[in-house]
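Following this line, the structures themselves.
Two complexes, one shared chain (chain A), two partners (chain B, chain C).
Up next is the complex of A and B:
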């Protein structure tokens, strides 16, 4: 076991399990990592197993340090200075793989196995959807098996057997038992652990490396994978019916600044709004279950009036904004007033910003706008005319084409084919060219109504961009040029448009299956992921408990954990005495128990007969027959098999016990 | 243990603390075999690894709470549950073990003593990953279900006499090394340590050594016939063995020896040595040599006299007397 460097190789089995636990826990992280890094991690792990198999001598210390430093440099390079959580977890994975180079003692193995739990927990910062429950269970199981086997290393070395099937099966069972016993405790803690209503500390924005979702800028022509992403963005629960299609505009970032190719938000985008939205009879009440997107915006229907999210604001652009980036599934209620028109007077700077176009860009578009303006002096007529033009001459598709310096020109005169971003951008350029203040609103449009679930599912592919135009005397009016081109996109959602392109592998039953699955996911989100301080309070109130503070809930938690631990402890601590192997032995043990209650205890060294002979005088008249019983027990238990004799012995022993006085063994066995 | 014992002797505060702890443990429950280990005898604390995992868990808890990340919290609590269950299992691994007795064969001072401890597991379950600790010495073992196991631990010895070993520790980190449960106990009786035999003892004190003529002449001759040898001019006439001389065609003398020459007397007062310990050391070597050569001997210690006798039993008796000598 010991080579010349004095390093003892641990038995193979705990080593393999530790590395397996690490790879399982790291699997989702590896999938999200640059492929080269993931390859290195897997390679290092495999190397360690191979070197354990062949008992290679370990890598010398200086080389280990060199490799580790090289790996750190590699990770920094691979993530290009993005100090986000992906970088942190990536680094952790690589470091653990590097640690495996010097993993020879139980201490090192233990460290890697226990950090697996941490790796598993960090994965949930990125994705908490239902399938990851399997990952949680599997990862914890593997790590527990590894820990159990590490504990058994001395025993394995004593027995000189690394990986007997029996040891494997036993540790698998032990780990499952441990986890099964830990689960009730974990669940009680989960339900009753006092939650924070607010985070303790905010996460610096640079720690967030963004997921798919809306962004705060828009460049038509840049490749956008958002429209192909079917993952849910959020779900909106309505009590009765969802709002009609033409009201399903979920407001996201509002873009004002245009530099000729990219639309961006303003510096004052996060400022609190001046105008509050009234709540009227037509206002919609609903509840949003927002998937984490690591941005601050919360989505709501046009125009949000109020939200239950703590510390959230409604900005000047009528956008709902949370105070901290949404890093976990969040649930909040919103009240929106769809027929509200924002009509707070424009300031001079706002007007300038909303009509600005980079000079000398898009000359043909400007010319076209001027020409149309001459024909339609009324703003509304002009808008109508442009939409009519879109409807007649343009088509909708998700194909992208990169746009050059005069993006609007290229799109309006050459391409005539595109998706919402192209239309919203071109329309805004047209409007601004004639001095009508216009802005681009991004967000989501539509949603799939799940009748059974009572919620509207909005996917990332429902992302949309539309315009708002300032009409003097009215205010900001929503204009959706995409709707003019492809009314289907608005009335039936993005799927109706995409379907044509992906019909090859999109069947209806698959679609149905996905929607069914989404309902389960929705419940999971609602009851597990969305279990927060508010739901906890609600649940405790339903249980009839008075309103408890954090201290109260904490005490309740401790009491419950103790209550749960008691039966577990009793079960674990039960006496496991030798079990009887035959019916006769059972009868004899019952007899001994009976005598024990009468304060006659058989000594360990006594044979049945010796015991009977010793206590018979003490029992006096009640002890008659005991010696005969002991003799018969000897015959039955040690002698050749005799069913008839056995049956009689059992009957007599039972009778002796039940009467306790008269023995029925006058001549029992003849 | 040697070092700690020395340190204890030097540091009175540590000694008092130690005594106090020992008394406290013994007040709690029986500390001497036979013991059936019960809750009053079991102590349990997290191991270093346990503290580390606790720290990791705290980090996970803070992170998950801050992000209100429920699955992260669930993972944290699963680890907490594992901790709780493994604490119970560590406790349960010790509970009900019967420490039946301790026994040891005497050894010579300086040799390690093997203290055999008999454990009985009368329950049907295996008790894995047990460890016996005595000072720096540790031995790992498992107790199969319904079994009796004898575990030997080695205790270093330094001085002759009755050795009262420090308290022994039976411990376990079962099942995953998060918690360490242990129980303390003492051997039920002290262990005899014989004196260290001198490595180069002086020759045996009587005329046992045939080559040493000087010693022989000094000794009075006895009545028993010992052997024949060449006649020397100083030999008295009645010593001449006539018949034998005739047979060998040369004069031979009969040599006599005292019975004592076969019956040695080891007297502490007459034993060479600078101090008592060295003399005892020499005596021990003599006793062992005499026993090896199947001689009879008498051991005289101050006023008491043991023997004359021979054999293992006498030898052990003498060794014990030497060990106990004040």
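Up next is the complex of A and C:
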């Protein structure tokens, strides 16, 4: 097993397991890495396995250092700096792969296998969902198997054999047992670790990778992938039945400013609202579990009156805003009053902003608006007429066509086909053209009611845009032009409308399965990810424990872990503690305990005589007579019963123990 | 050993004769007291002994010495590949005078049979011997003939990978109570071997220390030896470990566990103990178990390694 350079190759099996554990732990990171770096990591790992198989000489030390330095430079260049979660984990992956170049001794393997556990944990910085947990538990298993086999390297080398099927099977079982034994302790640590009100980390400067979601601007034709994204946006639990479909308008960013093609939010509207929404009989009480989206808006039904989220505000245009970007799963309660009509009065600046159109834009739309205005002097009639026009002449589809400078013109006169953003935008332009204050509201509409789970699931694909029109003497009134075109969209959700376009790869049973799976995810969010200080306190109170501070909970945690660990430890050590069958055995076990204190331990598989023969020379003068004692014990323990001999043996054993101790204390030098 | 046999056996002449026989064999076979003890244990447990090793390490010398020391009728069969069962069992010859067939007994009719290089014979011939070993009798021409008692076979065989060998089938290996290896002598003992008189001369000078009647007595005495509960537990734990071991095709049979307890008793008796201790069980277990166990081939582990692993991991009660 030793090659010319004097390096001993480890047996193949622990090496393969270590690298497998590393690759499993690194795979999710690799997927998010620049492809070249991921390629290098995989290449280095594969090289190490191949060189282990063919017993190649290791790479010389100077070259290893050179490669490592080059890799560090490469990583820094690839991530463009020394900061961020992605950079740190990327560097860790690449360096571990580089470490494999010098992985020849058991301690190198052990180091890599141990760091794999840390690498696994870092994945939760990016994704905390249930499938990942299952996947990464598999990673932990692999790393544990690797550690167990690394422990057996000396034995494998002695036997001049690799690991047979039997060793594989045994280490698989052992690793599973170890993880299973660790589970109760891990649970106790999870439940009882003192929680902080705020998460320890969360880097708001970095956007979550490629996550779709609402944005603070809207240019029709630009973001239709949102409607194909079935990932959950949030879930809402209602105390009673959920509101009817046509009331489920979840308010997100409100867009006021329009430059001819893009709608944007406005800063002034983010100020705290001047008018508080009253809470009435018809108000809805519900709880939202919001997936992280890295922005500040919290979603609520029209019109949110109050929320339990600390430091949240309700703005002038009735958005619910959090003080910090939502970087972790957030749970909060909201009270909304659906039949409230806000803002009977409009300030001058609001009126200006809500009626502004860039000059010269969309001339045909302006002309059409003027024409229709002439026929319908009443605001409500005009709105009615426009909706009727949409209903008669337009159709709903998810096909996108990027619009040019006169977006509304192109849409109203040429395209006549589109989805909510086109309608909301065109409608607002028509209204503003005749001086009616109008704004675009984005958010979500609808949601899937999970009867079994008792909650409403709102997906990204439920994203929607609608309008609010300010009517003299009334206030802001919601108008949803998309509903006029495609009433189905509002009454049954976007899915029913776009069915045709996705039917190629979507089936009902898949949809059903996703809904069922979401329930599991919901419980996971609620009880694991959302297990915060609040829930911890609630749970402890349920258990009849008084209010404990962080220190109290910490002590409780330590006590619980000890309480759980004791039976496990006893079970693991069960073979060491046997109950004596006879007086003679008791005396013998006392003798063994005495010797154990003097660092002489009898192996379970040793017979009394073998043990005595092994350690008598080591004991020196203090050990004299031990073999004789063992022979006597053999006689009384394994021979026919003889009370006389038994009594003699017990007396001898006791005497031997005391002389042994005396001799030891009398001659501290020996 | 301090604990000698209980009084009723201490004065028995056959016990003293056994000790002398053991000493005599140890005088010829240097430095292999363990192997000699195993050989006598096989005898006293009423079984047969298979010695497997390379040519020239003293297999035949040991077998010769054993058979000479035990006494009684001694026969030696050198196995070759052209041997027929009749060469072992005997043959019926037509006698002209009486006009009848008369059976001429073969070399198997003896108290001690030394079967040299047993795996050089064809399986057919091997099985003739092995049937006799199992039954203690032979059947020729429809006639069943009992073999003399005691009947003790010492067989030697070459390692299986040598040229010109027919491996014994598993079922027939089982007929041998113990299988043991001899191994090379130590430096010191090899020097003695070189300067001392020829082993063949020593053998020629050997005389029988026991007679068949004494051997029968000793076998009966060994079977009476006390086996305590903890030792029974230990034996059962070892047997169970072979059955649970993932690297083995199958564990030891109940026949093997009976053989284990008998052999452990015999070993203790040979060592003049009045009871059977776990040390005796440990001493005989490798020779008893390793030829009865087949490891799963893919593991690449020898059955000897599995057996020592089991001994190293099974707790002694």
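Simple rule for what comes next: the second predicted complex is superposed on the first by the 396 of 670 C-alpha atoms of A that agree within 3 Å, B and C clash if a C-alpha of one lies under 4 Å from a C-alpha of the other, contacts with A are read in each partner's own complex, and residues count from 1 in each chain.
Following the convention adopted for this analysis, a contact is a pair of C-beta atoms (placed from the backbone, for glycine too) under 8 Å apart; a residue touches a chain by one contact, two chains touch by 3 or more.
All figures in this text were calculated on a predicted structure; none of them were measured in a lab.
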item: Chain B versus chain C as contact partner of A:640, first or second or both or neither; value: second
item: Touch count on chain A, higher of chain B and chain C; value: B
item: Contacts of A:185 with chain B and chain C, given as first, second, both or neither; value: first
item: Partner chain(s) touched by A:166 [first = chain B, second = chain C, both, neither]; value: second
item: Touching partner for A:118 - first (chain B), second (chain C), both, neither; value: first
item: Partner chain(s) touched by A:247 [first = chain B, second = chain C, both, neither]; value: neither
item: Touched partner set for A:51, first chain B, second chain C, both or neither; value: neither
item: Contacts of A:105 with chain B and chain C, given as first, second, both or neither; value: neither
item: First (chain B), second (chain C), both or neither touched by A:609; value: second
item: Which superposed partner A:355 touches (first chain B, second chain C, both, neither); value: neither
item: Those residues of chain A which chain B touches in one complex and chain C touches in the other; value: 575, 578
item: Chain B-facing residues of chain A, complex; value: 106-107, 110-111, 114-115, 117-118, 120-122, 124-125, 128, 132-133, 136, 140, 144, 147-148, 150-152, 154-155, 158, 174, 178-179, 181-187, 189-190, 193, 195-196, 199-201, 203, 327-330, 528-532, 561, 565, 568-569, 572-573, 575-579
item: Parts of chain B lying in touch with chain A, wherever the complex brings them together; value: 49, 52-53, 56-57, 59-60, 62-82, 84-86, 88-89, 91-92, 95-96, 122-125, 128-129, 140, 142, 145-146, 173-177
item: Complex contacts: residues of chain A adjacent to chain C; value: 159, 161, 164-166, 169-170, 575, 578, 581, 604-610, 628, 631-632, 634-635, 637-640
item: Chain A-facing residues of chain C, complex; value: 1-3, 226, 228-231, 246-247, 274-279, 282, 296, 298-301, 305, 311-317
